[in-house]
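Letters A, B, C, D, E and F mark the chains as written, and numbering starts fresh at 1 in each.
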């Protein structure tokens, strides 16, 4: 069977109309929902319920403000030790345990390992992630050294 | 069955001869074809039909010649902006869209974003890939800055 | 069936006791073995049988001692050539063939490619892996250059 | 020994060869050439092209070499095609790569992705008219969806016999999008329309991006449950990407998983095109219908964009309609290219990504509808 | 055409929907929310959560869409769950990631990992008392092992019908470890005990690390051969890691392999929780028993640590006992956290890793024992 | 409870153990030791060695633990070995890693790769003489091809029962190439010959590299269609690499795919060597024949090189002939090593890669020939 006859026999027109209608329905409704989504989210997040999802461009501002004020000044020797700690930290994973780093420092003969590690933590160069692990904050380090 | 008898019974000699012959035939013919291949290719590529496959060591020469002559000179402020653009470009994928970069620059408060972006494009620091995407050319950037 | 009756019927107490006993047996025996393991290993390695497994922190010491004494002094031109070789070596894989590097050097127009390559090998900047491949020793290079 | 040589010779490709294998090998080489030298969809044309070579080595039956012999290696790898497993895995990876920001910023552009799917259904009718059975006509129509994995998935479900020609047609025309679309785009739009600039899309928040795949999945699959395997994986991959905390899973999805699936799908689809079963009249008709469906889909997208402009206050550039056919990201690049021919400073690509990715969703829905109506 | 619309509408999710699907979709969204917003085990909660959405789209039977239909894509992917293939592959990756140094440095802490497995067997008895059959009770007990892959593996072997609820319970409570454990830890330990500092572990040699997986594997599998699939892969992965010369295989194990298995396992386990089969009384009882088993396991670990302190010269911090339940690395982090609440300069995490990883070995042995006794 | 303890004890490995398991476990440990401490082919000896441990844990039948039980995890993973699926996937990765430049620069060296395959056929005759059936003799002969995946593939097709011993023999001798080859090389060459320097190969163009896998594939598979699964994948992988535009697929092939296949193949091949079926007279004979085949192949390569020197104007260093046995890249390294013992400034390795990789092609053709003649 060919031509219009085949189309008719297999219900071709109906299938085509149903098909295109469904596709349009789906995407039109989805576009309507999306277009309202950010308004709904703005409304919800006004009471600051979902602080977890901060918009990306707010973060840098947050970070910049904090550490600047509380940076202790470093002496030359302390800077040198900080550099040694940076080297050691690089040998660890991104999230590391403080005792592990300290242990490395002791083994490597870093000067006054405890005191200097404490200094780095206070200066925000080594920051806790709240779950027992610590991270190296390269930005803070750069501010201190240079 | 063992020994020569087994070999004979299972047609061992014939299989071995056929086998080694086929292996040799295959590799001999292949080596003949290969040994002629580059001559054929040279012949074909004389009329410069297949520019797509350029031999690898020609490329650097190509690249070196072009951009040197057309580099506009940069003022100090322009260099600074170029550095900012480099930072922004790093946050994007290797192939990025120009409006996206421009948008970032506007948000980040880069000085005269449009004019400076145009400058970088003309200097070949940001190069089009011919399909709408752009790439950062670190070599060109280094030449301009240092 | 529920409650104690069900537990009894399905032999619950016995299964639990057997289960926890096996788990304890396994881990207790394993912990005993482990606690003796390093003593056994120390005993075995006294006759230096398994030099292959050196404890990690011994290695740097080993490496430091050797090459210092045998480093030939480099002239300015030789340093420059060494830098060119470093660039070329970077384009190769970590383990590379010397002829390949030499070939690259010849193509790239490095000054006295053979002599300078020999110098780098003698200085331990390019070290053989004993199986025909060579590696770039960045530490040795740094000592020579800086 | 002579007998053995003769027997061996009678099993070589030189003895068993047939002109149709040679034709297919040449076509395979052309695919490889287009992929490597012309950069047309190389990630698909090269595997499919080499697969054509593999499938058209003249082999003797019985040893378990051919893709259609049940214990051959190729047959095991082909299983992922015939059962429709590779396409959802590829969609998982596509989801983990796709950024729906532009779509979220201007959802109205999603309608262009819907409009272009009309090409699917018009081609379906055409295929019926050319005498194909309804299930085959559906599989042929989906070529117009311009989405390889979707086409292979639907064909595997509805008309497995046609996987070879439909896959080859779909990928050929996707590769040829830069050739097919521009004339139609120029014909159906005026210079003024092509010069229209789109305004910068608004910034989209992280939350929106996370919620989108969930909402899109639930809505579309409630509407067309048969789109579940494709849309489920697409949205799942996208959620893994946008969630950030699941980045390592998204990395696996958009590297190891999609690349492996692409290699195996391409190779085996190519290998399924054995000359003696592939070179038939119906393959030729499928190719003709495929070309029409791309052209129609492009036209539908463009015309719908012009229709929308009658109602919209801020006009959209009707070229964007051509990106609705999917063929991600090639048709979006074509839009950019054609737009820049009129005004080199007009950057349409980012905007074209919106109809482009919604075209993927649209054709997955269309596949679901056709599957549920035909099965 | 009206008939066709009607037919299509009767196949949509809107028509087929049932309140139980909606409940499960909401639960799925909660899983996704907890994973993304609360960072609770995101690598598992997000795939399982999205899988719940996938599994609770109301679909019509017969097309081959549902996970329980034999030719659906989901069914093929689910095969790795029902046959217990994914869990060993995940263990391969875990082995290739885990550093057993702290365990090697102080093997006595391994006993804490044994003690916490008492939770498994006590829960087993409880499940019997609540009327579950012995094989089901075993699968429920293993939830207390706090090890997702182990739980899924054993359930697939002993009570495949319960994979959904047991997997969901196991992962839910593993995610909720930071909520469940601290009160029990504070209740069962005094302030003085929580202040105990652990001394630095000794340096462990490379040789020891290489030999450990071989010895551990041989010993444990001679003792409990049924632990072979899990422990074999765990130790194999660890050997690949510690051998150094096989680094590229270890990289594959801890990236492509584990991530792919995690994606597919999470998605399909989630999708197996279809509302109409999932929301039953037995699921509720499983959840209650699961919560108990975590609490009991934690208590057993803590109390055994206190018991050990009666005999040991150098006292250990009894909080470490809580890490014996596995739930790597979350319960070790909880130990660190609770310890730091008393003394911010007391770093217990590294020490807690020893009972933590030995808890994994312990629950794998327990699973082997239960499997061989029940099969 | 006592009964339960007894029952459990009777299922432990301690009770079920047999001296043959212990022997195999010791052999497994030796494999691991050689791999890790001696760096002999660690990527294969470590997985196979650990697999031997896994396969020789004495387990009770019926639970589905053993590799030969139809629903065990190991059995599912072993499927890729018995059906010959892993070897082609490994060849895909090898293709995507191999640089055929030196071969293209001096194609005459390819003959050395052909000559060394004589070892395969001579061993085949030897195996017939020792009483093996022709299909077994073929599988044993291919050990002399010095190519693990090829040997496993052919054995899986012709004599699946022998996969364990043949795989172990093949990989053992490949690992021992630095021990087996040098004495033969020194015996059959004079000092003057070993001092011959090879001239620098010419630069090879990109086009040649792209065309080579296509031509090599078509030619070899027309000649020996049964080589298709191995050569097809090898050439496909190489094309993906040389095409450059398909780099991401080549990356997947030479990382995720080959590493995963290697892990699973090594582990399951090792696990298939259960003491009670492995330690037989036929395994011993296979090992003896395997050693012979390596020695013969080396000798054939060397002697053919000397034969070629009678006709060539520019003499080649006959040591290169030893690299024709494949065992990539170990035998090429041996050539380099033996050459440098005479003249430390003579770099033969790069040149030895040409016969080395052509040996891979050669043994794949030989496998195809044997398969088609024996099946």
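Throughout what follows, a contact is a pair of C-beta atoms (placed from the backbone, for glycine too) under 8 Å apart; a residue touches a chain by one contact, two chains touch by 3 or more.
Since the model is a prediction, treat every value here as computed from it, not as a measurement.
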Worksheet item: Going by the contact rule set out at the top, which chains touch both chain B and chain C?
Response: F
Discussion item. Sharing more than half its contact pairs with A-D, counted by residue number, which one of B-F, C-F or A-E qualifies?
Written reply: B-F
Fill in: Equivalent interface positions on chain E and chain F, same or different at half
different
Worksheet item: Where the centre means the average of the CA atoms, what chain is farthest from chain C?
Response: D
Discussion item. Using C-alpha centres only, name the chain that sits farthest from chain E.
Written reply: B
Response to the item:
CA centroids of chain A and chain F: separation to the nearest Å works out as 46
Discussion item. Taking the mean of the C-alpha atoms as each chain's centre, how many Å separate chain D from chain F?
Written reply: 39
Fill in: Geometric centre distance via CA averages, chain D-chain B, whole Å
26
Worksheet item: Using the touch rule from the top of the page, what residues of chain C touch 2 or more other chains?
Response: 11, 13, 15, 17-18, 22, 50, 53, 57
Worksheet, complete the sentence: In chain D, the residues touching two or more other chains are 4, 8, 36, 210, 223-224, 255-256, 369, 373
Fill in: Interchain contacts (touch definition) - all pairs
A-D, A-E, B-D, B-F, C-E, C-F, D-E, D-F, E-F
Discussion item. If we count contacts the way the header does, which residues on chain C are in touch with chain F in the complex?
Written reply: 11, 13-15, 17-18, 21-22, 50, 52-53, 97-100, 103, 131-133
Worksheet item: Across the complex, what residues on chain F touch chain E?
Response: 4, 7-8, 11-14, 16-17, 25, 29, 32, 35-36, 39, 42-43, 46-47, 50, 53-54, 57-60, 62-65, 71-74, 76-77, 255-256, 259-260, 262-263, 267
Practice prompt. Note which residues of chain D are touching chain A in the complex, please.
Written response: 103-104, 107-108, 110-111, 113-115, 117-118, 120-122, 124-125, 128-131, 133-134, 137, 203-208, 210-212, 215-216, 219-220, 223-224, 358, 361-362, 365-366, 369-370, 373
Response to the item:
Given the complex, residues on chain D that touch chain E span 83-85, 88, 92, 157, 210, 214, 217-218, 221-226, 228-229, 232, 235-236, 239-240, 243-246, 248-249, 251-253, 255-257, 369, 371-373, 375
Worksheet item: Can you list the chain E residues touching chain A in their complex?
Response: 1, 4-5, 8, 36-38, 200, 332-333, 336-337, 340, 347-350
